[in-house]
Structures are given as structure tokens and as C-alpha cells.
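Okay, so chain A shows up in both of these, paired with chain B first and chain C after.
Here is the complex of A and B:
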């Protein structure tokens, strides 16, 4: 009887492993082994032609002490991460709250705000290069108010803000996530607050924001993680310039690894970024688990 | 008095939303309007071109191997969507409806991988592909899709499968049906909505991907539309009307897809936020 049961259990386990086997291979080859290999490579000098040569902490030493361009890239990346994510989440929250207050036409507005999210990245970037050009639409618009617009993508000061402004066009994803959260807040809470004489600003900060704060936090953290990998914008629109003002860490990693064949140093940089992101990853994982219990 | 205040507030809300909606639409309108402008009007502010130059689209398509890139992109999109739906649903079913040792732990690992920044993985993966001679083939872009697709795909499908009643599966098992039969004959047919959602997300991802093709496809005849458009821009950077015509053509399939399946796309996004 016991042997029979054990056999049945074994069969059940085998069935399960068979079904998920493609994914086990995927995790092994594209996540787990790469993480280990990349940690190893970060302690080596490796150009893909000669075998990796162990150099201890040399790459990290170079990064911290001898390579000011790394710090510049890290600074640019943090600037972009925090700038874009907080502006995006704030604007998305405002628009989601407004949408939540609309009885008619909500669907139409949502359709419009979400539309840029589905557009391919490369055409979108060419479009914004045109909008940001010195005589482009944005500067012509500013000129209406007598403002002499900056050179945007060609200006050391304005290149990062320009990329941040462009990123705001893609807030549709955050809007729909926040909107779904807002729709879960019971209407009675708002009515009670109104009866107590609270005004709209008070209601926004005292009720709306606290009620959806886990979702806001989730959007901020996932936003930071994805913004830390900002690449295509710089690669396509600015080439990292002017004067390295948009050279982000991911662009640096790409150039080191795929243009200069410096795999060891590039891996060290990638690992440092990974370590910086680990607390955020753990945080977002925790929030996510609380929402979507596994069993 | 109170009613009036409420109405006024409603009007203000609509005005603000409409203002933002216009701001959101202007770039798109500008793209299409520029794509139809005659050469001499591209650098001036003109909302509607003095004459609609449809010929720009023909010129743009002829200025680079558009149809070859289109074929490559469609090929990748179709193959990867098929692979993702096929293997992703298999894996998700294993997580949702089968009981096996380590299931919970492996699912947690799967969720965690959704949040790992990809840049730490890409170098070793590239080295691996390069060592087995797969750089300059489509395999690096295809193989992962046939191994379950990705964490998000599996997560999304699992959530759907979990919601299916256990009874229909149990009774089929009692009738002696094999698990694979149950999966293909019973579970998949009633899961079309979820499969469509996953397909749409895969299509959007593959069509819009830039980084993957950039590092793996170095031969120009293998390029996708995104990479091809980049080369086009480097050659015709001053001809905004042609560049915008090409950009519009590449964007239109995704816009159409969006208008056809908007609800599914939006719901998929909110699911990512953990709300059902």
C-alpha cells in the first residue's frame, strides 16, 4: 500500500516536472547560469578570443578609483531614474484620479493616454528627435510665450530632462494600473469625507494617496528597475552625448562589451548595477507576493 | 450652491483631461502630418500640409529594403508567438493544476526573475550564443520563446488556469484521459481569451524589440524593421517626411492591434500590477 502510494506520488511529480521542463531549461540557461558566469567574469579580463584571465578585484578597483566616466554614467542613470519615475508616477496619479472622477468618456481618455505605450520604440524616438530639434514643434510652442527654447538633445543641461519629458508620453501603463486600484477604493469613504467637509486637495492627500499607496510604491519600484536599464533612448537619440551627459550605465556596458570586447569590465559594471538594484527587487517581490498569494 | 460647485468641478475635470488628451495626441498627429508633407514644408510649422504627399510613403519604402525587413519581422513575430503560447501554456498548466514537489519554490523563483535587471544576464548569454555559433542567426531571439516564453507570460497564464474549476479536470482524469489530452482537449479550448492576451503581448514585444536584434543580427539582410529604420535614419536624417512615413508604417500594425484588442492589452497591464 505504501509502495503503491509512493509510486503514485513519484508519477505525479514526474508529470509536473515534464510540463514545466521547458521553463526549467530557460531558467537554467538564461537566468541562473548567466548570473553565476557574469559574477565570475567580473573578476577576470576577457575579450572572447583569449581565455578569461583572473585579475581579482581589479575591475572593481578600476571602476571605483580610476574611471571617472563610470561615476558620470552612474550619476546620469540615477538622475534619469528618479527624475522620470517620480514625474511619471505623479502625473499618472493625477490623471488617474481625474479619470476616476469622470462619469462619461472615461474609456475614450484612457484609450488616448494608453496609446503611446503600444508604439514601437524606434519610431517614437525619431518622432521626439524631430519635436526636440532646435526649430521643432516644442521650441516653436515655447516661442509663442517669448521663451527662447534650449537646444534640448544637443544641450548638456537639457538632454536628460528632454529624455524625461519624452518618457512621460509613456505613462499609460501606470495610469491603468493606478486606475484599477482607485476603482477598488469604496465610494463610501469619499462620501464620508465630503460630509465631514474635506476639500478635494485634502481628500487627494489624506484618502486617495494612502488608499493606493501600495500600488504607487509598486509603480515606483518597478519603474526604477526598468529605468535603470535605459538604453535605446541614448543609443538612438543622443549617442550618449553631448559631453557624455546621456551616457547611462547600460550604454556604457553595451559599448564595453559589444564594441570594445571588454567583457570582464562590462560584467563588473553590470554586477554593480545589479547589486544596487537588489534591495528594490526584493521590495517589489514582497509587494507583489502580498497581492498575488501563490496558494 | 453646492450643486453648482459640483458641476463647475466636473467641467474643470473635463477641461484638464481634454487638455492632456490633446497634448498626448499632438506628437502622433505631428508624425502623420509630417509624413505627408512635401519636402519644402518639413521644417516649418504647418499642421496640415499644403498638399498631401502620399508619394512619400512610396519613396520611403523604396529607400531601404523595407519588404525584406517586414518579412523578417513578421517571421520572428509569428514564430515567437506560436512558441510562447505553446510552451508557456504548458508550463503554466504545470504550475496551476499539477501537484509536484518544489512547485511553490520554483514559482517564487519565476516571479523573482520578472524583476531582475536584464543587463546582468545579457553578456554571458551573448557569449554562450557566440560560442555555439548562433550569432547572426535568429535562434537567440527564438529559442527562449520555445522554452516557456518568459516569467510574465507564465504568470499571466497561470493566474487564468488557476481560476478554472478543478472538477472538469478531475472527472477527465477519472475517465482515464492522459494529462496531455486533458490539457489540449479541455483546458486549451476554454482558455482562448488568456491565450489571445499572451499572444498580443508577445506580438507587441517582438515587433517593438530593438536590443535583441541589435546585438544578435549583424548581417543587414537579417535585420528587423526597428534596426532597418535606424539605418534608414542614419542615411536620410534630414528628410523628416520620409523618416516619419517609414515610422508611421511601422507603427500602424501596433495601433490597429491596440484598437482591436484594447481591453485585453489594458487588462494584461493591470494584471502586472497585481490587481485582478
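Here is the complex of A and C:
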């Protein structure tokens, strides 16, 4: 009977499996198998020409003992991750709350804020390079207030903040998600708070933020993970410079693997990064569970 | 009637067979970077001539890839074991591929042709093709850096327009006379910008008698000659104002060339820059000379021709490689593409040597040098560049920055030794 049922189920679902098979094959061949292979390669010396040669934990040993540039890259990545994600989420929340109170033309505003997300990344980066140039619009604007603007992308101190400021360009995605969350907050709670004499700052911190905290958590976790993979900005705009101040881990991995032909070491770096990201994500979840009043 | 029909039939069959006869030629694949403009035209002609020579029985199938995509594509092809039989590559790091075993030893082919490489090719690029006393590549093209000066700006500054600086000291002197600042403190006109064009710190080290090798031939970026050169170099940058120089560079990046725009008194550029001036600033009144010295020095880079060790038709590929560095081909490239070829006979052809700008390049090639190649740390000069930047930004004193760079290069060498056994 059971066997018969299973057969029937398989028959029913056959078409479904057939339709998803291209995706499953793609996942298997271009994601899962490469992940397994890279785990193996991380224990080898592989120059992409000769067959990989087993060297045990040597790549990891080198990373800890002989390669300060990896730790620098990791520091850069964490700086960028936390800087860009928290700024993005906070600003997006403020903008979303403001937008939520707009009586008319909400759709239009939503579109305007979302528009930059749709634009292709590379041309936008060229645009920002012009904005950040020493005589660019940003410094000219600062000059209006008598501020002598920094060299942004050519300055060791300002290159990462510049990239973080640029990342705000993609804030629209988060705004849209938060807006959806805000609209789910029951109006009655706001009304009750107003009747009790809460001012707007109190309402924001005591009601809005806790009520949308699961969504904030979602934005922070997905944001951190995607920011940990930051690559294109550094590859296109700075090449990792000046003085490796924008050499993020993913750029370092790319350069090692494809420019220096050191695939084994690059794989080891990718795995270490992964092993560091997992506890970090768990930690963020933990912190939020404690912080958030709503489960 | 029947006979005529038969003759027609036989001829028809023979005609049909003809392409199959030519197909029996050995086919080799060649990758190069002449993907557009006159370069592509000339390269197509060169390959066409070779293919037309039926006595060789070799058919070259060429693929032109733009410089920017070339390296990734070739790298991937090598990783897949599917690189072309013969390809252009970086003349600066031939031994790293020879060490990996990707390259065929070309020494026997050179010998078989009766070519004495030391007599046929300029020593400087030729030495870059060697690995363990064998030739794993042929020198295809190279370049040298020279000093270009704007005669009009010299005149305006009260300098003799026909007397360029011959030493670095003179260069700084002349430059300071040409400088013109705007009321905001930025440079309207700059005499010489040490961090613009093809001016690199290592050339200054060589030009002041310094070296990056210790007496055992090991890489040493923190020896006294380099430290001294760096201190002088940074002193000059500080005098000019680093922020002002950066601003100048930002204004004249992106295809807006300061020298072509007449805003820069002197610039270090490659030999082929003269051709660019002719196209983009035909009215520019300029001169070319050797880079200033106490010690004559300039920096070369270039392209090599390499044959894959995994090719099934190494003989044919080597034959084609030797054709590409023959006088006939190299002369054509020099005459029509201004390419500084490595074949001595071609480069010193009277038709070229009557041009003083060309003669200057050939002269410079005699004393020029490549950055020393270090198998264990092929990009050691990136650490040097970082050290220079650190000092420039005032983050470290020269000695400390170079000591740190040396440590990083040495740990790079140690890394290589820990993961490579031979």
C-alpha cells in the first residue's frame, strides 16, 4: 500500500520535478559541487595548471602566521559590513516612517526611492567615482560651507566611509520592505500612545521600532551577509587601494585565485571566511532575540 | 561526348578534393592582442603571408582578444588545459609559467634554425625569456620610457627650449620654473609630476644608481640606495604638495592627458607616445630625450611569444613563433605600428633609424631594464609601491616602510617555499 502511494505521489509530482530540474541541476553543478571541490582544494597547492597537491593545513597555517594582509582584508570587510548595514537600516527606517505618514502619492515616492536599486551597478559606480573625485560635486558642495573635503577614494581614512556612503544608494530595497512592515502595525496602538501623551520620538522608539523589529532583523542579517561579499565596488572603483584600505576578503580571494593563480590558498581563504560568517550570523540572531520584545 | 562528360566529372571530383588536401595542413591556434585598428590589419597580413606559404604545410588560426580580456581568458584556458598552441604573454614573468611546466623549451628550435639569440635579439628583453639557461619564450615586442618636454612651456619659463634636463637635479630646477599656481593653490601648469604618466619610483632608484638586488642577487627593497632614493623622492613630492598633485592627477585622468593639453612641462612616457601626440596634439611643440640621470636608466616591459608544452603541434607552433620574430615580420611591425621590436636587425633598419625618435628608443633599449623577476614573489614590486604610498601619505618614515615591505616580500617567498616542492 505504502509503495503504491509513493509511486502515485511520484507520478503526480513528476511534472513538477521535471520543471524544477534545470534549477536543481544548476544548483548541483555550479554551486554544490564547486563548494565541495573548493573545500578539498583548500588543503592543496593548486596553481590551475598542475594537478592539486595535498599540503594538509599549510594554507591555513600561512593565513594565520604569514599573511597579515588577510586579517587586514577581514577588518576592512567587517568595517564595511557593519558600517553600511547599520547606516542603511537606520536611514531606511527613518525614511520609511516619514513615507508612511505621507497622505498622498505614496506609490510615487516608493518608486523614486526604489529607482536607484534598478540601475545597473557598474555605470552607477562610475558616476560615484566622479562625485567622489577631489574636485567632484561632493567636495564642491562641502566647499560651500567652507569645508575642505577629503580625497575620498584616494584617501586611506576616507575610502571605506566613501564606499559606505555610496552603498546608501541601494537603500530603496530596505525602505520598501520596512514600509510593508509599518503598514501592518495596528493603528490602535499609535492612537493609544498618543492619548497617553507620548511624543513622536517616544512613539518611534517605543512602538515603531519594536513592532517592526523582526523585519529590522531580517534586513540586518541579509544585509550583513550580502555586505560580507562586497566586491564590485572595490574591483571597479579602487582596485583595493589606496594601501589595501578597500581590499575586502572577496576581492582578495578573486585576486589570489585568478590573478596570481593560487587557487588552493584562495579556497582556504573562502572557507575561513565562511567559517567566520556562520557564528557571526548566529550571534546577530541571538542578540536580536534578547533585544526584541516580540517573538 | 561521353569522354567529355568523364573529363568534366574527374575534374569536378578533383576540385572537390582540393580543399581536403589543404585541410591536411597542420593546424595551430594562435592568440594575440591585436584586436582592432591598424594592429589587426597588420597582424592579419602577417598571418596571411605565413598561411600562404604552402611549403610549410602549416595553417595558423588566429584569435584576437582585447588586452583587457586577454589575461583572464588565457588564464582560464590554461587551467582547463586548452590554451592555444602559441600565444602572446607578459615578457616580465616568463619563468613563472616555465616553472609550472606550461611552456615548451624553444632552445632546440632556435638552434635548428641556426639562430644565435644573443646576436639576433636585444639582450635586455631576451634575458627575460630564459629560465634555467633555456629559452621558454621569444621576445616579441618591448618598450622603453623616455622624457618628453614641452618646448613652448620651456620658452615661457625663460628656459632654453632645446636644452632638456640631463640630470634629476636639473629636472627639479627646470620644473619649479615652469610651475604656475592658481589663486586657490592648485596647479594650472606643472613642471614635472613624479606620480603622473609612466613615472615610477623604481626608475628613479635605478636612475640614481640604486638597485633592488643585494650582492647575492636576492631581492632587497630596504637597502640604503632605495631608502635614500625614497627619501629624495618623497621630499620632492612634499615640496610640490601631495594634495595638489593628487588634484592635478584627478583633473587629468580619464583620457585627459595633461601633457597633450599643454599643462605639463615634462612627462615620462613610453616610446610610442610620440605617435599619440601626432594624433591628439599635432601642433604640440615638444622634444624627446633620455630620462635624466646620474645613471642612465629606464624601464622596459613587453610581450613574449610562448608555445604550450601541451600542444600537439609544437614543431609547427615554434616554426610560426620564429617567423613572428624574423626580420621580415618585425620590420613590418616597427614600420607600420611603431612597435619597438626585439629583433636587432629589424629595429636597426636604416629606414627606421633615420627617425631620431626611433633612434632614441633603440639607444635606450641598450641600458634599459625590466623589474627583476622573483619566482617566489613575482609581484614583489606591489609591496614596494605600497611602501612608497605609505611614506607619501605620511604614515611611516621611508626606512620603516621599506623594512616592512621587505618583511612582507620575504614572508611571500617563505609562503611559496612552504607550498611548493621541487
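Everything below uses one rule, namely that the second predicted complex is superposed on the first by the 260 of 295 C-alpha atoms of A that agree within 3 Å, B and C clash if a C-alpha of one lies under 4 Å from a C-alpha of the other, contacts with A are read in each partner's own complex, and residues count from 1 in each chain.
Keep in mind that, in the parts below, a contact is a pair of C-beta atoms (placed from the backbone, for glycine too) under 8 Å apart; a residue touches a chain by one contact, two chains touch by 3 or more.
Just so it is clear, the structure is predicted and the values come from calculations on it, not from any experiment.
Engineer: Quick check on the superposed pair: does A:279 touch chain B, chain C, both, or neither? Answer first, second, both or neither.
Structural biologist: Touch status of A:279: no partner.
Engineer: So in the superposed three-chain picture, is A:258 touching just chain B, just chain C, both, or none of them (first/second/both/neither)?
Structural biologist: both
Engineer: Classify the contacts of A:75 with the two partner chains as first (chain B alone), second (chain C alone), both, or neither.
Structural biologist: A:75 contacts neither chain B nor chain C.
Engineer: May I ask you to decide whether A:62 touches chain B, chain C, both, or neither, giving the answer as first, second, both or neither?
Structural biologist: In the superposition, A:62 touches chain C alone.
Engineer: If you stack the two complexes on chain A, which partner ends up touching A:228: first (chain B), second (chain C), both, or neither?
Structural biologist: A:228 contacts chain B only, not chain C.
Engineer: Return the chain, chain B or chain C, that is in touch with more residues of chain A.
Structural biologist: Tallying touched residues of chain A, the top partner is B.
Engineer: Go through the superposed model and pick first if A:210 touches only chain B, second if only chain C, both, or neither.
Structural biologist: In the superposition, A:210 contacts neither chain B nor chain C.
Engineer: Under the stated touch criterion, which partner chain does A:49 make contact with: chain B (first), chain C (second), both, or neither?
Structural biologist: second
Engineer: Given the touch rule stated above, what does A:243 touch, chain B (first), chain C (second), both, or neither?
Structural biologist: second
Engineer: Quick one: classify A:135 as touching chain B (first), chain C (second), both or neither.
Structural biologist: After superposing on A, A:135 lies in contact with both chain B and chain C.
Engineer: List the residues of chain A that touch chain B in one complex and chain C in the other.
Structural biologist: On chain A, the overlap between the chain B and chain C contacts is residues 48, 135, 258, 263.
Engineer: Any idea which chain B residues touch chain A in the complex?
Structural biologist: By the definition above, chain B touches chain A via 9-10, 13-14, 16-17, 20-21, 24-28, 30-31, 34, 43, 45, 87, 90-91, 93-95, 98-101, 103-104, 106-113, 115-128, 130, 144, 146-148, 154, 159, 179, 183, 204, 207-208, 210-211, 214-215, 225-226, 229-230, 233, 240, 243-244, 246-248, 250-251, 254-255, 257-258, 262, 265-266, 269-270, 272-275.
Engineer: Given the complex with chain A, which residues does chain C contribute to the contact?
Structural biologist: Result: residues 71-72, 75, 78-79, 81, 100-102, 243, 246-247, 250-251, 378-379, 386, 389-390, 393, 395, 408, 411, 414-415, 418-421 of chain C touch chain A.
Engineer: Of all residues in chain A, which touch chain B in the complex?
Structural biologist: These residues of chain A touch chain B: 12-13, 15-20, 22-27, 29-31, 33-35, 37-38, 41, 48, 95, 98-99, 101-102, 105, 109-124, 126-128, 130-131, 135, 137, 140, 169, 173, 176-177, 180-181, 184, 200, 215, 218-219, 222, 225, 228-229, 231-232, 235-236, 249-250, 253-254, 257-258, 263, 266-267, 270-271, 273-274, 277, 280-281, 284-285, 287-289, 291-292, 294-295.
Engineer: Using the touch rule from the top, collect the residues of chain A that touch chain C in their complex.
Structural biologist: Those in contact with chain C are residues 45, 47-50, 53, 55, 58-59, 61-62, 66-69, 133-135, 151, 154, 156, 241-244, 258-261, 263-265.
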